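Next up: some structures, all given as structure tokens.
Heads up, the next two complexes both have chain A, just with different partners, chain B and then chain C.
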Partner chain A sequence: MTQRQERGRGSGTPAARADRGPTRSIDVDDLPALARGCAVMGAGGGGDPLVGVLMAREAIQRHGPVRLVDLGDLPDDGLVMPCGLVGAPTIAIEKLENGGEGGCLAAEAEALTGRPVVAIMPFEIGGSNGLIPLTWAARLGLPYVDADGMGRAFPTMPQMTMNLAGVSSSPCLMADERLNTLVIRTGGVEWTERLLRSSTAAFGGAAVAALYLMDVATARRATVPGSVSRALELGTAMARVEIDPIDTVVEELAAVELIRGKVIDVERETSGGFVRGSAIVEDATGEGRLLRLEIQNENLAALEDGEVRACVPDIITVLDARTGEAIVTERLRYGQRVGVIAFPCPEVWRSPAGLAVAGPAAFGLRFPYTPLAAGGTRAS
Partner chain B sequence: MRADLRLGIDVGGTNTDAVVLDRDDVLLAKAKAPTTPDVTTGIAGSIEAVLDQLGADRDRVTHAMLGTTHATNALLARTGLRRVAVLRIGGPATHAVPPLATFPPDLRAAVSVGAMVVDGGIEFDGTEVAPFDADATARFFSTVADRADAVAITSVFSAVSDRHELAAEAIAHAVLGDVHVSLSHEVGSIGLVERENATVLNAALVGLAETVAQSFAAALERHGLRPACYFAQNDGTLMELEYALRYPVLTIRCGPANSMRGAAHISGVRDALVVDVGGTSTEVGVLINGFPGESGDSVGIGGVRTNFRMPGLVTLPLGGGTVVGDGGANGAIGPRSVGYRLIESALVFGGTTPTLTDAAVAGGRVEVGHRRPAGRHRAVLAAALARSDAMLAEAIDQAKMVRGEQPLIVVGGGGFLVPDTVPGVSEIHRPPDYEVANAIGAAIGQVSGQVERIARFRFGGRTAAIQEACDSARLQAIRAGADPERTEIVDVEEFPLAYLTDPAVRIRAKAAGPLRFI
Partner chain C sequence: MTQRQERGRGSGTPAARADRGPTRSIDVDDLPALARGCAVMGAGGGGDPLVGVLMAREAIQRHGPVRLVDLGDLPDDGLVMPCGLVGAPTIAIEKLENGGEGGCLAAEAEALTGRPVVAIMPFEIGGSNGLIPLTWAARLGLPYVDADGMGRAFPTMPQMTMNLAGVSSSPCLMADERLNTLVIRTGGVEWTERLLRSSTAAFGGAAVAALYLMDVATARRATVPGSVSRALELGTAMARVEIDPIDTVVEELAAVELIRGKVIDVERETSGGFVRGSAIVEDATGEGRLLRLEIQNENLAALEDGEVRACVPDIITVLDARTGEAIVTERLRYGQRVGVIAFPCPEVWRSPAGLAVAGPAAFGLRFPYTPLAAGGTRAS
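Moving on, here comes the complex of A and B:
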């Protein structure tokens, strides 16, 4: 199956694409919708997109709207720079960026490859990383690619579609707000991940990175297409308040509503560098149904009566029952009224190679992957 | 004679309410006075009225609690605000979002005399983002010296170390003299933009807080009372006067928390929807185990994002003073309100402006005033009441956090506007003294203390940090006037810092206890 066919139903309809026309651009007014969409696609991870909205707004106000382009509209041999924030989102909302980090990454990429960067691509659409590179695109006057390397949020660098497609993660470029830059050359993505992680700590817990540098022709087969417009359309639909917000998300994403109710327990521990834990949601209708969420930065699995109802790499997101906004795992709290939805991941993650890096076993879960059933249904 | 009475006052948009409770929370007296433009007169009026009712027992009043909307009003009207020099210590980080970027332009113009980002700030592990640039800080303060009457200082990760904020404060005093300085580590929690916003608003509100405190003390003094004074804050607890003068921003939106806590107290219902109908606006929230359900979002104040945790509310521009038929449309209501001029403007009080109070009288829901609205107004008033019912029903439904029918507690002076049947409501409670629920909520408030820490997991850092945070919060509550015997940790929250190699956690501890009686 080709990547084109893998596009999620929410954004991929021919009508939606025709509506957008050839010259789409992202302006200040689009940012709240994009943020809402990115948060839902973040599977509870990737950080709160708000700070990304503020940075992008500042940059777009100064430098003008950013062109959103399909990879098909770019020259085959143009250099695409997948990039984003690495480290702790909680640190990124406190120690905000300088703004010039993306320029450092691009300059370094151009110096190393001897070619100009033709477009900026978010390596991760879920959470704040769907927005942060937009700031850099605005400041550099470059277009933003309507694609990403995950179709959701994941915690590590090997968990990118470029890795599955055989694109090298090396050289990996890093920068911080002091505009210190670092080039990591490795023989494999595991070492890239290892060195990037410890460098992030040295940079103060959060930094920015670009890796899997590739030409446009490669990017067309190595990325998840349509991610940005999917997030934008989802966020726009959520703003229509006349319908129940959770129903809206379920419809837009062809998702399954796993449960609607109250968070009655949240357990967390930080181990091995990642936040692990679980949350239990009790059904609101009083039928006594309980849904247990397994969490490791993102929502990994949803279990009911010992059965797996959804699990990675499919996307599980907790939504605020009143607003429909996604709740990141760090903000899950007792008493919250929520709906839990799940929707299918990009098809490439369901391949043996995809499951090897992003399936349940890759997260230490002791059950096999159960593909999420076709969506669009409610729990009740 | 036992000296053990508490006077609770709530300044609303329309009325200023006052109650006196004894140590067992039994209501001994209640009164309402119109809120006046100068506010002082309204507070004094309500104090006088409630003390008149109390009679000879007035000397037993030992504590006075004030919940006021001054700060919110001042921010909305952009008046009475100090001019603030805004310093952020965080360069070369943080430039991507300049200070005040999220302020509405007119509020920024009203509040700021200049903003500057200087190098410095703290990393989450306690090291420096960059050395603090003292020279640039001094130069910045010099350039605004003739205009600034307050300073707001925010450093990156000041919750980890306040040293750069304290260094900048010293420079502010050296350059600007005896000027108020708000420091972010004392105002808000992690999240630079929101904490900086709250710190700037706090600095802008300091002068106003002094005026309010003085007028409150003076009004009490006139009756020979010198009680310990407390201000209600946005989480439904109380803070000492001295603390409130330094942190007026924490008083913002204390009203809803007060009325919801009061509603739980007087109705005895601990899980319900609460609708508080005032003279100008209505707020609907949810009570969970006697405490207001919190908003999941960052709360905006005067159009500015902050990271305070406040009750989640649905607000309507609808109250007893809401003007009917504005703009000529039949049944059109609001958003204009006659507010505290209700008793001169409304038809039932002999005035010429049709209001929702007139509509409620015409609809037989309440008996107030001294005349019935004339027949020619009837159709318009009936249409307005129907529109009001529909708006209330929608807001109540929106406020729900779960499906299914739930009880509803009606409070506030305009509570008579709420019809006896509301869709999705199982039963309606109209508890006694519902019209002064706000003031009761202020009077029964507990005194709290809250601290935030960041701890790394290595070497048992987490356990020690939680203990330290709890001890500090408890001590803060006791210092603020809570009874040491009954002060408890009411909330410990841990927010892990995700995606970090060296695990760390943000800890927030809150302690609260009832007032100590001597």
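Moving on, here comes the complex of A and C:
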């Protein structure tokens, strides 16, 4: 982050700078840290961070740094546009945006509501989805909200805090890189999700969307605050690492390290606008332990000997053992040396309403949710 | 049709009444004839006419007769809304409309264009699709345009005369019986069709749509005029039949009777928002002749001994041998006694542009188009 008031790099630590209020901004130099943080927080989902970094870098170089704002610093009745990529990350990784989609979504949002969009918000903090909306903010000259609608990444639209807060899922706006657009209005989020998902498949498996348009006052009670700065701080801390990079992440997030070892199997299928599959990690110590990950865009559950070590809505992320960087699910492959960590989700997901849409049963997993205790501990 | 100027039933023959200009109207008593005519003209498609009659009867009983107007009688800059059912007729037959969809589509059209809808037009003349938009016209108190966008029924959106005339396929409006709505805007009709079709499947296989919104001046050069009155006249003539009912249809339409006999096989599959399949009719004379029909919502081709007897864009319709009424493709079944007739499509479909979207190749049929000669002849 950069102090806009100083028109240059700030000198404090990132955490200190992040606390200084509404004049923070995100510049090109912040992108690698932001991407690292988003990828770890994204539970393996939200798309490939490299794509996000490349697009955001180009947009910021051309249009200048993006102001990062708290919802408290925006007018109550301003229109906030939560947005990002939807669909299968395996497809999004090579079906790139043209950059104009955000403008297309904003124009549609403004035409439908008759109000200007005052700020762009990522609907999830994940691999590239913490960065792509930033790209649009840069191009549109709009601030970027330091919040998101999940505090992680999830695969479907009901799994957003805006849904838990009762924000209408209509209108839902979609676009693709050809700037084809869709406006969906339904009687409920299940229908919106159904139409969004079928259209994502029709768009070729990946598209972009603006979801849960709302005013600032509503957004203050309906989102996870501080997600963007948290990702930035985490990514910045990861860059300072001189010791074991996975330990750094575990400590920063008060996470639990579930296993450290080698990816020995990956099964992955792209269908219906999702990636589904599983991966198996074998421990490096020669004890023969195996950890199985169940995947739907994100890592849903980690199982060992038939026991659930961690599961949704808690956050499970696979880290590269050498660099500590997160490996998104579409990049998982045989032979990778990894550590698998888990850390607690935002509290809202542990409520009955949160678990109803984002707990194991919501993904068809046949076991109850057991909250992960905050850890900061190494694998046993 | 009824003379509105007389505030009651007219006394002339239907054909004579149809010629009397802009004060014609469609009342409950006209519906059976209109349905019969639409079903014959619809090439086996456009949905089940019974559903259309029942819905139109209820709407007209409640809201009064609907004025039938020529495009020449409407203001140049008035907004015309072509509309109807989309999807698989096998599904539409039991997934009924709630009646409010037309109002929903019109409200959306008016909000998007900022102009009032001055008239409702069926986008195709087919089984129920000549009647469902009439239902909406009754409920909205709007006139019904004596024209359509095909002069028959076809399964997809490029296969409309508005497309040949260069009318934009955007915005395309969809709704379902829960009044979920979609607005689709794309760079071309292929994308509009793709999104419409995937959404139709997501809606459960059938939905309603308003397509090719246009002003009256454009509609005059972009539609098939007189379709509704032609269907009414045909249906009225069929009711007068005292001799062979199939002969009457053949004579009215200058059609060719391809075969008369029994349906001995029907293969039908509902997928991707369409019904596809084939049917075989064995002749009744004991000569062992077999006629095979290829189907995609509509009857696409009639083949005998490997020879193409008739094919799209010409119109092939299966008639009940006893009543002369058309049997829509979703009602075809083993054992029915039928006559299969074919008659020429509107000339616009025989142009290179027409054949490109609606000729055999457009349906994946691997034979060239041979225009059907106007007949009025019995099967050889």
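What we mean here is this: the second predicted complex is superposed on the first by the 345 of 380 C-alpha atoms of A that agree within 3 Å, B and C clash if a C-alpha of one lies under 4 Å from a C-alpha of the other, contacts with A are read in each partner's own complex, and residues count from 1 in each chain.
The criterion applied here is as follows: contacts are C-beta pairs under 8 Å (C-beta built on N, C-alpha and C of every residue); 3 or more make two chains touch, one makes a residue touch a chain.
Computed from a prediction, not measured in an experiment: that's the story for all the values here.
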Partner chain in contact with A:Ala201 - chain B first, chain C second, else both or neither: both
Touching A:Leu54 in the superposition: chain B (first), chain C (second), both, neither? first
Per the contact definition in the header, classify A:Trp191: touching chain B only (first), chain C only (second), both, or neither. second
Thinking of the overlay built on chain A, is A:Arg337 touched by chain B (first), by chain C (second), by both, or by neither? first
Tell me which partner A:Val183 touches in the superposition: chain B (first), chain C (second), both or neither. second
Please work out whether A:Ala217 is in contact with chain B alone, chain C alone, both, or neither, and reply first, second, both or neither. neither
For A:Asn297 in the superposed arrangement: first (chain B), second (chain C), both or neither? first
Touched chain A residues, chain B compared with chain C: B
Overlap of chain C and chain B interfaces on chain A (superposed complexes): 178-179, 197-198, 201
Residue numbers on chain B that touch chain A, as the complex places them: 90, 92-98, 101-102, 121, 123-125, 127, 129-130, 156-157, 190-193, 288, 293, 296-298, 312, 398, 400-404, 457, 493-506
Using the touch definition up top, name the residues of chain C that touch chain A in the complex. 178-187, 191, 194-195, 197-199, 201-203
Which of the residues in chain A end up touching chain B in this complex? 45, 47, 50-51, 54-55, 57-59, 86-91, 93-100, 135, 155, 177-179, 197-198, 200-201, 204-205, 260-262, 268-271, 273-275, 284-286, 297, 320-323, 325, 327, 329-331, 333, 335-337
